[in-house]
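The structures considered in this document are given below.
Okay, so chain A shows up in both of these, paired with chain B first and chain C after.
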Partner chain A sequence: MDFYLGLLQIMGVHTLLGLSAYVVLLTGQVSLAQAGFMAIGAYVAAMLTVLSGWPLIAALIAGALVAGFMACLVGFPALRVHGLMLVVATLAFTEIVRLFFFNFDYQIARGSIRVGPLGGEGFRQIRYFPENGWTTLHVAIFIWSVVALVMAALWWMDRSRAGAVLRAVGEDEIAAQSCGINLTAVKVSAMTAGGAIAGLAGGIYAHYTTHIEQTNFTIMVATFAIAYPILGGLSSIFGTVAAVVFIQGFLIEGLRFLGDWRNLLFGALIVLVMNIRPSGLLDARTMATLRRLFGRREG
Partner chain B sequence: MLIVDLVQSIVDGLLFGATYALIGIGFTLVFGVMHKINMAYAAASVGGAYAALRLITLIGGPAWASLLIAAAVGGLFGLLIYWLCFRFIPLSNPLATLMSTVGMFLLAEEIIVHTTDGMPQNYPVVVRGILDLGEFMIRGDLVFVFACALLAMVILLYLLYRTKLGMATRAVSQQPIAAQLVGIRLSHVNALTFVVTGMLGGFAGALIGSAVGLLSPLLVVPLTIKGLIVTVIGGLGSIPGAIIAGLLVGMAENVFQYFRGVTERDIYVMLLLFVFLVFRPGGIFSSTVKRD
Partner chain C sequence: MLELQNLSKYFGGVRAVDSLSLKIEPGQIFGLIGPNGSGKSTTVNLITGLLGVTNGSIRLSGEEITRLPTHVRLSSGIARTFQNIRLFGQLTVWQNLWVAENSRAQRERTSFLARWLGGESGARARITKALEFSGLSHKANELAANLAFGEQRRLELARAMAAEPKLLLLDEPAAGMNAEEIGALDERIRQIRDSGITVLLIEHHMELIMAIADRIAVLNFGQKIAEGTPAEVQANPAVREAYLGTAETSTRGTA
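Up next is the complex of A and B:
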């Protein structure tokens, strides 16, 4: 049972990560910086609960805010360039953050042990959950409540004017600009929102794994973050969730019986899916069909 | 002594930077022709070097032959990537090919890990010896790497500017529709670009193997990042830019390593990229970057 709860926790964090990339992708930008924002959120939230004794929720919010602020800062120079240049710039950002934490020491004595981040060894003893008597079930429920909250917010945003503006920029920048949309403002806001969500994911991740280090926030994680929405399709947030279930549930856990071969199949299946469904698993047509089947859900 | 050490690390970096230049050219050439990034490029390049290493230990032969085999295998991998990740995917969707090549990247890396059990493999030495120039030492293998990379660049530039294939490639990169109108088959040119860049990549991978002395799956990610940085600093689609940026990045890497140590050096290389993005977003040669 704990195994499945653990899987649920991983899926929750990865859903948040995917959603953070989804917001940015809606504006047509590919950001590989999400792992960097996640790392910032993780370290900030963990340092606040462990070193300063903040309550969890406050620490998570602070982590998300700091990550969002960094995303805003990165957004300005990075968004001067676009498309593929942005991919490389954000990729470099993730690496900078990772290498920063690789060289980052800040430990204080607490009783007989020293706690805090210690360079390459990482940050141990983030024991908020066990110290406060949370069980795996509580943690899983907590994570998915946060995910549900973020999804509801994004779903609502998607249906509001903000969603239309984001998609307009994503579809055609020049057309959007001539409608009076301020491109920079839209892109930087999307980047900030994405960064904040990734920071939230990082904060949660730090607390349920109890130990974080720089190798948790590599380019691979950033790649996964954009892989979920792209594989799932950008028509709806549910595509991202579907892709998380497909990758984490089926490709990673479901194929475990294949042993080593699973990893080989993983890349091959992504190539295959992109060949068969270039616009993602739940593309616009599938979503329309689903909506017809389940009555009128959208106006 | 500071100046001597500094000059020494600059020279070493410049020489090794030639391999970054080759990888950067590969990224930039595909971008120029198709306006797409082939994320699997560096992985396939290292894969080509691995395959060459396997073949040379299997059938035997001089160490330099492994460079040529790596180029040939790399070309094959390039074609394979084109067929699996680009040929049947609508090019109007920029995310689809990005993702498919990322999938290919994961696949290539896993194949390498799977076939070698993740252990680093020793690469045969092609050239040994050290040139002793008084206070300076120049590693013979690095000079060899630099010379080979220059040779590959000259051959590539000859291909691009003196042959019909090169003319077609440049035509497609300037105006795909006009190129089709005069009878150039887009899919042929695209496939050939992948073969040529793949050969370049395999060759570069083998050169890196011979300079570092071993091949390891851990080479793949840093090489991808450095290659992409070189591509952006040089200006997307610009070959001379990629060459100069490759040397610059190689040099910067060694200088930062000299001053700040190996764990911090890459931070500064990335910051160098941001300096370029802020002050010269089009890259060193920013003529071709209007589109994207």
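Up next is the complex of A and C:
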């Protein structure tokens, strides 16, 4: 049972991570900075609960805000570069953040032990959940409540004019400008929102694993973040969720019996899916069919 | 309404637009014509700010807009269509108009939440009207990319109109249209003018422009070579020369 709950927790955090990249991808920006924002959220939230004794929710929100603020700062220079150059620039950001935490020591004595981040050793003893008597089930429910909240907010945003404007910028920047859209405001907002969601994912991640270190926030994580919405399709947030379940649930856990051969099949299956469903697992047509099945009218 | 003063744009040594001065009166359909490469589209891109000017100034309703960024100009009363259609293909027809209607909402200082998140009723009414005007009501939930060519052109015009501009720039709206569609377009542009919107029309289709323009300017190699009513422009020898070549060069050409 605990195995499945643990899997649910991983999926929850990765869903948030994927959604953070989804928002940014809607505006046509491919960002590998999401792992960096996640690291910032993780360290900030964990330091607040462990070192300053903040309650969890407040610490998570603070982590998300700091990550969002950093994303806003990254958003401005990112406006000047497009496509591959943006990928490289955001990748550099993730690396900078990772190396910062590799060298970051800030420990204080707590009784007989010292707590806090310690460079390459990482940040151990983030024991908010066990100290407050949360079971694995509680944690899984908490994580998915946060995921549900973020999904509801994004789903609503997606159907609003704001969603249409984000997609318009992603499709054609010149036409969007010519409709009076302020590209700077839209792209930086998307980056900020994405950074905040990634920060939230980081804060939750830090607390359920109880131990974080810089190797948890590598380019591999950043690649996963953009892989989910790309594989799932950008027509709806549910594509991202479907992709997380597919990759984390089916490919990574379901193929564990293959041992060392798993990674090979993992890659091959992704290539296969991208070929069979080039615009994602849930593309516009699938969504239209689903909508018809459930008899819903488009607003 | 719109005043260009000694407007110039050089690309390296090429003078795409060269000291162009124009004055477009409110409520006019102003035609801008000229052979290929004469600087018509460049002029539109200078007016909308997609290109920066080398020299000269642009005034909209007496206000200097030469250095304003594109989105500010376009949300303060200018709207345009593109020579090559530029719709948001993966957005529905409705969403395309919803995006453009935002600049109108911004001008009228609609509250932030109503503008971005709510289904503001005023916006709905305007978009519905724009859809009816362009005969696309039944396609409201269709993706723009799935529309037929003529419908896409109509949607682009509707999108420009959804912003409720004072000045509408049409960059070759009749390109690729058949005679019947051009007839409908002619009617639509007149309706737009009669609703009080000033129109700057760039067009290759002479019949259309001679029929509906109140005033025409002719460009050649980035310079204005003639301006006047359609009849005056048609009678102007410099215009004939620009389009047909001089008598000597054309005989040399055929010989």
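Miscellaneous remarks
Operating definition for what follows: the second predicted complex is superposed on the first by the 297 of 299 C-alpha atoms of A that agree within 3 Å, B and C clash if a C-alpha of one lies under 4 Å from a C-alpha of the other, contacts with A are read in each partner's own complex, and residues count from 1 in each chain.
In this text, a residue touches a chain if its C-beta (ideal position, glycine included) is under 8 Å from a C-beta of that chain, and two chains touch if they have at least 3 such contacts.
Predicted model, so just to flag it, every value in this text is computed and none were measured.
Aligning the two structures on chain A places chain B and chain C side by side, free of any clash.
For chain A, the partner touching the most residues, choosing from chain B and chain C, is B. In the superposed model, A:Trp156 lies in contact with chain C only, and not with chain B. Centred on chain A, the angle reaching out to chain B and chain C in the chain A superposition, using CA centres, is 80 degrees in steps of 10. After overlaying the two complexes on the shared chain, residue contacts for A:Phe100 are found with chain B alone; chain C is out of touch. By the touch criterion defined above, A:Arg127 reaches neither chain B nor chain C. Look at A:Ala268: by the touch rule set out above, it reaches chain B but stays clear of chain C.
In the superposed model, A:Gly180 lies in contact with chain C only, and not with chain B.
Of the two partner chains placed around the shared chain by superposition, chain C is the only one that A:Ala284 touches, whereas chain B remains out of contact.
In the superposed model, A:Pro77 lies in contact with chain B only, and not with chain C.
By the document's definition of touching, of the two partners only chain C reaches A:Glu171; chain B does not. Superposition on chain A leaves chain B and chain C with their closest Cα atoms 12 Å from each other. Chain contact summary for the complex, chain A toward chain B: residues 25, 30, 77-78, 80-85, 87-89, 91-93, 95-96, 99-100, 102-103, 120, 218-220, 223, 226-227, 230-231, 234, 260, 263-264, 266-271, 273-275, 278-279.
Within the complex, the chain C residues that touch chain A are 48, 50, 70-72, 74-75, 79-80, 82, 86-92, 95-96, 98-100, 102-103, 106, 115-119, 123, 141, 143, 159, 163.
The part of chain B that touches chain A in the complex is made up of residues 31, 37, 84-85, 88-90, 93-100, 102-111, 113-114, 221, 224-225, 228-229, 231-232, 236, 263-264, 266-267, 270-271, 273-274, 277-278, 281, 292.
By the touch criterion given at the top, residues 156-157, 160-162, 164-165, 167-168, 171-172, 174-183, 235, 284, 298-299 of chain A touch chain C in their complex.
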